[in-house]
Each structure stands twice: as structure tokens, then as C-alpha cells.
Amino acid sequence: MNMKNPLSFQLNVDDFLPASKEEKESLSQMRPSIGFWKDAMRRLRKNPVAMVCFWIIVVIMILAFIVPEFYPYKYEEQIKYSTYLAPFEFSEVEQARIDAGEKLFPHILGTDNLGRDYAVRVMVGSRVSLLVGLIASAIILVIGSVYGSISGFFGGWVDLVMMRIVDIIYTIPDVLLIVLLSFALEDPIRNLANVPGFKWLNTVGTGLISIFVVFALLYWVGMARIVRSQVLTLKNSEYVTAARALGAGSGRIIRKHLLTNCIGTLVVTTTLQIPSSIFTESFLSFLGLGVKVPMPSLGSLASDGLNGLESHPYLLLAPALLISLIILSFNLFGDGLRDAFDPKMKN
Amino acid sequence: MLKYIIKRVILAILTIWLVATLTFFLMHAVPGGPFVAEKSISPQAIEALNKKFGMDKSLPEQYMTYMFGSRNEETGKIEGGVIRGDFSLSLKQRGFTVSRIITTKFPVSAKVGGLAILLALVVGIPLGSIAALNRGKWADNVILVFTTCGIAFPSFVVCTVTMYLFSMKLGILPSGGLDLGTSYILPVFSLAFYPMAYITRLMRSSMLDVVGQDYMRTAKAKGLSQSVCLFKHALRNAILPVVTYLGPMIAGTLSGSFIVEKIFRIPGLGGQFVSSITNRDYTVIMGTTIFYAALVIVMILLVDILYKLIDPRIELK
Amino acid sequence: MKKKQNKETEAREIISAKPDRLVDIYHERLSFFTPAGEVKALNDVSLSVKPGEILGIVGESGSGKSVTAYSLMGLTAYPGKLLGGDLWFNGHYVNDMTERDFCKMRGNEVSIIFQDPMTSLNPVYTIGNQIEEVIRLHTDKNRKQAKARALELLELVGINEPEKRLKQYPHELSGGMRQRVMIAIGLACEPKLLIADEPTTALDVTIQAQILELMMDLKKKLDMAIILITHDLGVVAGTCDRIAVMYAGQIVESGTTEEIFYHPSHEYTKGLIASIPKLHEEEHTRLVPIEGTPVDLLNPPKGCPFAPRCVNCMKVCLDRQPAFTEISDTHISKCWLLDKAKWEAERKAEN
């Protein structure tokens, strides 16, 4: 490859002419710089696992929020003479109607012990689970980031006191308190729902509200810690000091530096909070502390399905696998987001 | 060191007191006392019962008695009070003291929980290390799939699915109780599933981090063999995050035990706790909560001290 | 297989022709296979070190200085791969060495000191443990003898209260002290070659001088060779016998210290020397920085890698790689300008 004799007569005078600036620049190609969001999104799109999970989540959302509205059966509707139908089975009455030429929608997942179509119950159940996950994460995001940023921003004794409180809440075994709280809150909320102006609480369901309150009271501490440490590192980071030294105002620093650097962490932490909220909700519902009948949630459906496990395993397996799929998808999507937002993982 | 421990113990006692107070008032906010559910009893009888157990007094009064002791007008019990570790009588299981219930039920839970924690550690640490050292290869991918599933499946799913498969379909393992040695397998596995996956993940990422550290390069440059590098230099550093997770893991195993004990019909404290909530058995709820809180807090304290022993950089202040 | 053997015999001939060399690297090529593509970290690197000699390797970050040294010890980091060339060290043909062979060699025949002493020692073991470890590995000294040797070493590298230090943890020592400990570990088995990878970069300037002085001192005492890797020409000036200048995975110029400093013949070397602040001169001239940024080794240019930043760049520089021109027995350089001068001289002679 290397020429043994560089002075062979392949060289001519032109070769030794000075190169122009353009010629030189054409060699040192720079990769175009891409904005933070665009870069993150580009990397996310390149991650097949995350994208598959994203589409799974979208499909489940459509099934949970839109399809039940148009579904031929309602989740609380008890169809006569059709308890414990196997998937795609019709009761005798229904069979007679079909024979008479009527068209009936099949029970894709059969029916439960009260003759309710199980497919629509599972869909509505996942609606409840998703709602809990999304709203609870939003609550946690708001409380946690406000608390954490106040604590981190002011520092000093404010920080000390606020973090001691977090420490204490952190060491309290959460499940005990959740169980207690959701019991204790049930009646106050039911009473509140009878007060004019709070009627809407009934439509949401008191069980759900108490779950939200539990999350609001207990689960923000993790988020608060993360936000606080982010704010602290950013506050003391050299580029913020540099920006300040160059005369940037607080507004600009918060907007340009703190926010853009925090937002990745916030998005990722919130996304990963959703499955853990769903996880906890299903746990509570399984113990019978979540939503109230006839409203189903995936946890309570699984809990009911446990009784007939031997004869009707699909009654348990359907909600159990669906909830696993939801949590799995959110987890993997969150991991994908984290990889996309973490500049250390670039390339 | 001693100063640190004293400080932490004070903080721990403070937290336990806080939990006790919080639980007490929360519980009394739940409407319908312990005797309402029993419809067969006449209103007079309920009143008599309320009086006997001091339910007619004002809340602060009840609180003071509960915390600091006395009463016992013909075994309305409460004698020593929480301060002396006396949790009074169960309101529902007549004749049983709460301490008695805890001491009979807890060992059952502890046995299952302890085995589960042990299993999680014994499997999780090597699995995580193997994944990290074979990064990107098939072993890593298989382990990665296992851990992602382990973290995503709620414990009731693991319990019911394993029960369905192994005891109902295959019929090789008992589906409940703890009568046989083999009855432990399913509950312990179900309880260990989540922490096992989590520890594997933790171990994998910390091992990856450690392997990239400069001191690992130094160890290699010294001419140490791969196994010495791994066992002496990497493992002790990589295991630190797992040690910090031990505290939360113990708490998590407790919460897992509620479900596992319910599904596998294990006569443990977790199942007891859930049923006493539905029964409004105030004193049992109180006693169990305080007991659990103290357990978790003490475990976290022990873990922090253990951490100091492994990592000389940590200054306990 | 056959090809490999041929290569080996060829290389053996070369080494037997130059028996006085401790390190001999011929045309080494090494790449890192990253997800973004193949990063050609080393592109035809040849260098040699004689016993007892100090070779300085100078270059900016990413130029391949450390990679060259690491590959000699079998420490190439994942996903790096040796693609070609022949590496000889102290009679070993490095290309064919197994991990087991490397283990016997590292810390014994060749040692290395890393850039950052703050992170190069294991935080959870005492200093004594980490020094004794390497002694016990390569010698048959027992625990007590190893401890005595560790004490001796700590004294040798100028650490006060060595008894106490043995029981301390790395985080209890200052950066300079830790670097001395690293040197002690490196010297524990009296290696033939010490590779110092930017040993002073992470240290305070006053400590830098102390560490360099210590290394020179020990070199004389123990009679070993040193490869000193640095980006700081000031560090090399007073210490090295010979200097190799690296740029973009190639050695662009190499010669004795005097030759490099007083007769730099590659444009990059000239640029480096022009950018050293001169404090002694009466008239203060502006420092001349080298404009531009280093090349992207993912897709290296087909011509001279320095061409885009070179002030005297010619058309040929953009097209073709220059070859080495021998300026003296010890001084070689890879630059088209040298070829141009030679070519012009030849033309003149023809006319």
C-alpha cells in the first residue's frame, strides 16, 4: 500500500501546487449537528423494541378507551342464561336466536359467573388500569417535581427539613399504609361525593379516588429525590456557572439549561412510573381494595378468576397476561426513552 | 460509628412512633367499629363491648392509653402499652393477645420470606454477573428477557400461573398450605421472582459499570487472571448497589407476602393483616403495622451498617 | 495459517537482525468495531524501544498513543481488534500470545501507570493489599516477605510513613501519593519496560515535576526502559531520548529529542512546537494554534490525515498518503513537503 519509492515518476508539478481552501474543507466533513429532541426521537425510532412496545400501548389504549363504546355488549350487562360460557360459545337462547337468522357478536373470551361478556370487561378493566397509571403518574410528577425542585433550589435548612420528611416517608413500609389508607379514605370520599358539586366523584368511583390519594400522599418521594438531585447537580454544574458569569438571567438559565437537562429525566421517570402505578393498582384490586363492583379492573378480574381457576382458566389468564403485557410494554418503552435521552449512550 | 448508630436509632424510633400514630388515627377514621359487623349483637351489647374496650372514650384519650398503657377493667387488657411492646388483645379473636398472634404467625411468613430473599440473592447475583460479562451475547439476551418479564409480571400473575401449571395441570406440586417440603417451592419461587429479576438487573448494570472502571484495567495490567480480577476486584464493588437494595427488598417481600399468602393459603402474618383489616380488628392492625414498620426500619439500619463494612469510602455521619 | 507463519518467520528475521531491541512494532493496524462503524485507531504504526531507553509518544487525544501501548500488553479494550502487523516484546511474539501468557508478562516484565490515579486504585482494598497482590502473584515470596517488599517500594517512591500507608485506603491519599503508589505497583517486580500513560496529566503542576523526577530517578536505579505517553511536549523535552509524534493513528515523525525540537520536519510537529508558550524569550510573539479539529477516524481521508489543517497543504496531500522520508539515521518523517523538496532537487540535478 505504501509506495516504496515516493519519487516515482507518477508525480508531476501540479501535485505540488498549494491546495485551495475549498478543497481542504471538502475533506474535513462535519457531521451536521442535530437538536436535542430531534436527536432523541431519531434514536428512539431506531430502537425496534421500544417502537413495537409503543404500538402495543397504542393498540391497547384504543381497545380500552374507544372500542368498548361501540362494543355490542356492555361491561355491566348480565346476559340471561349465559353464565360461564367458553370463548366463542353461545348459550342455548342465543343459539336459538342465531338459528332464527339473527346475527350475534361472539363472546370472544366467553362470559363470567354472572353472564357478563368477558372480553368487554377485560377491555374496560384495562381502561381502569391505564387511567390509574396515567393519572397517578401525573400526580406524582407534579408533586414530586415541585417538592424536589423547591428543596434543591433553596438548599440549606429548607432542603434539610424537606429531605428528612422524605426520608421518613421513604422508610415507612408503603404497602401497609396503602392498605390502611384506601380503607380509611373510602367513606370520607363517599360522603364527599354526596355533597353537591362533588357528584362527579361517584362516576369516577370512590375506590379509584382513594388510590389516587394514596399515590399522591406516598409515591412522590422517589420522584422528589430524583428531581432534587438533578436540580442540585445542574445548579452547581460549570456550564450554569458559566452562563451566569456571562450575564444570563435566572429565567434564561432555568429555561435554557435546567429545564432542557431535566426534561429527559422527567419524561423517563414518569414513563417508568406508569407501569409501577399500574402494578400497585392491580395489587390493591387483587386484594379487593380497588375499584368497586360492577366496575372491573384487571386486578379484580384476576382475583375473581382465581376461584374458578381449574375449570375456567381463561378468566384468570386473560386479565393476568394483559396486565403483564401492559406493564412490560411500558417498561420497555421507558427503557427505550431513557436510552434515547441519555447523551452518554450516544452513537 | 457509635454516634451514627445512636442517631439512626433515634430517627428509627421517631419513624416507628410516627407510623403508630398515623395508623391509629387512620384506623379510627374508618367508619364502623369492630363490633358493627356482627349484626346478631344487640345495641346494648355493643355499647357494653365498646365500654369494655374503651371505645367510648375520646380519640386522644384512647391514643394515650394505647401508647402508654393501663386499663384492664376485667381484661379490656392494654397494660404495658406500645411503649413497653404490649399491643393489647385482639378484638376479634377472643382471648388472644396481639403479641401472641404475631409470634405464632410471623415465623411462618419469615420462613417463606427468608427463603425467597435467599433464593433471589443466590440466583440474581451470579446471573447478573454472567449477563454483564457476556454482554451482547446470547446468554445476556436470555437473561435480559427473563429480567424484563420478572419485573413486569405482578406477583399474583406469577403465583396463579405457576399454580395453574404445576399443581393443576401437571399435578407435581401442592397448590397450598405448608404441610409438605414441596409446598414451599411455589410460594418461595413466586415471592422471589420479582426481587430475583431486579437483583439480576442491578447486578448486570453495576457489573458493567465496574468492568469499565480504571481499577479493573489496573488489576488486569498487574497480570491477575480473569477469575481473580472478577472475584476479588469486580464483585466486591459491583455488589454494593445490591446491598443498598436489600432494605427495600425486605419491605417488598412483605407486600408480596400478602398476595402469596392469600393465594397459597399460607397461615402467615400477611394474610392475617389483610383479614384483620376487613374485620376491623383494630388492635391486630395496629400491632402488625408497628411490628412490620419496626422490622423494615431495623433492616434498613442494618443494611446501612453492612454497607459501611463493605465500602470503606462511606463515612457514617 | 500458512500466511501467518510466513509473516512470523519474516518478523523473526527482522528481530534477529536487531537483537538490541526490547520493543519492536511493525506496521500495526488496529480498529474498534463500534455500532457506528469501524474506527481505524491505528493505521500502520511502527516503532521500537531499546533496553533502558526512554521513548516519548506525543499526540493529541484520540491519536492512538495509548492504544499502541495497550495492544503491546494485550489490554486492547472491547471492541478493538488487531488487524495486522507484528508486535514483539522482550522476545515474545505478542500477536500469538494467549491470555495466560499475557498474565505472566503483565506486571512482571512490563508495567503500566495510568493517567488518573484517583480512579486507578480499587477503592475497597488497602494500599498494602494492592501492592502485595502483584508481588505475591509474580514471585514466590510469602505474605511477610511481600509486606516487607511493599514497604521497601513505598520508601523507594518517596512516600512518608509507609507503615501507616499500607493500611490506608486509596481515598485517604492525595492524587500525587496515589500516583506514587501506582508507580510502586508498577515497579514491584522490576519490569524491563514501564509504560507511563499520561502519568502527570491529572496532577498539579508542582506534583507533575516531582513524579517525572521520581520516574527518571528510578529508571536510572533499576535500568528499565520507559514509554512515556503524553500530549504535553514540555513533559517529553527534558526526559526522553527519542520522540515519536502521532497523528490520527499514524506516526508522522520520529527522531531524537534534539531532532524533533530543533529540526521538526512535519507540519504537525512544527505546529505543536509553535504552540508552546515561550517564557524565556525577550519578545513575546503570539502563540500559533493549530487550526481545525482532529480527523474523524470513522472515515479517515484518503490523503494525509493532517492535510485539512495544514497551512502548506498541496493538492497531492489531499489525494495520497505520504511515505516516510529518512532525514537522518534516527529521524524519519511522513510529509509531502519533504518529497517536494527532494523532487525539486532531483529535477535541478537532471537539468
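Going in written order, the chains are labelled A, B and C, and every chain counts its residues from 1.
By our rule, a contact is a pair of C-beta atoms (placed from the backbone, for glycine too) under 8 Å apart; a residue touches a chain by one contact, two chains touch by 3 or more.
Here the structure is a predicted model, which means the values were calculated and not measured.
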Tell me which of A-B and B-C has more C-beta pairs in contact. A-B
Among the chains, which is located farthest from subunit A on the basis of C-alpha centroids? C
Would you kindly tell me how far, in whole Å, the mean C-alpha position of subunit C lies from that of subunit A? 50
When centres are defined as mean Cα positions, the distance from subunit A to subunit B in whole Å is 26
Distance from the CA centroid of subunit B to that of subunit C, rounded to the nearest Å? 55
Quick check on the complex: what are the subunit A residues that touch subunit C? 1-4, 6-7, 11, 14-19, 23-25, 27-29, 31, 347
Give every residue of subunit C touching subunit B within the complex, in rising order. 73, 75, 99-100, 102-108, 111-112, 114, 116, 119-125, 133-134, 137-138, 169, 171, 182, 185
Parts of subunit A lying in touch with subunit B, wherever the complex brings them together: 167-168, 171-177, 179-181, 183-184, 186-188, 275, 279, 282-283, 286-288, 299, 302-303, 305-306, 309-310, 313, 316-317, 320-321, 323-324, 327-328, 331-332
State the interface residues of subunit C toward subunit A in the complex, per the touch definition above. 34-36, 44, 292-293, 295-296, 299, 301, 303, 307-310, 312-319, 321-323, 325, 336, 339-340, 342-343, 346
Give every residue of subunit B touching subunit C within the complex, in rising order. 213-215, 217-226, 233, 236-237, 310-313
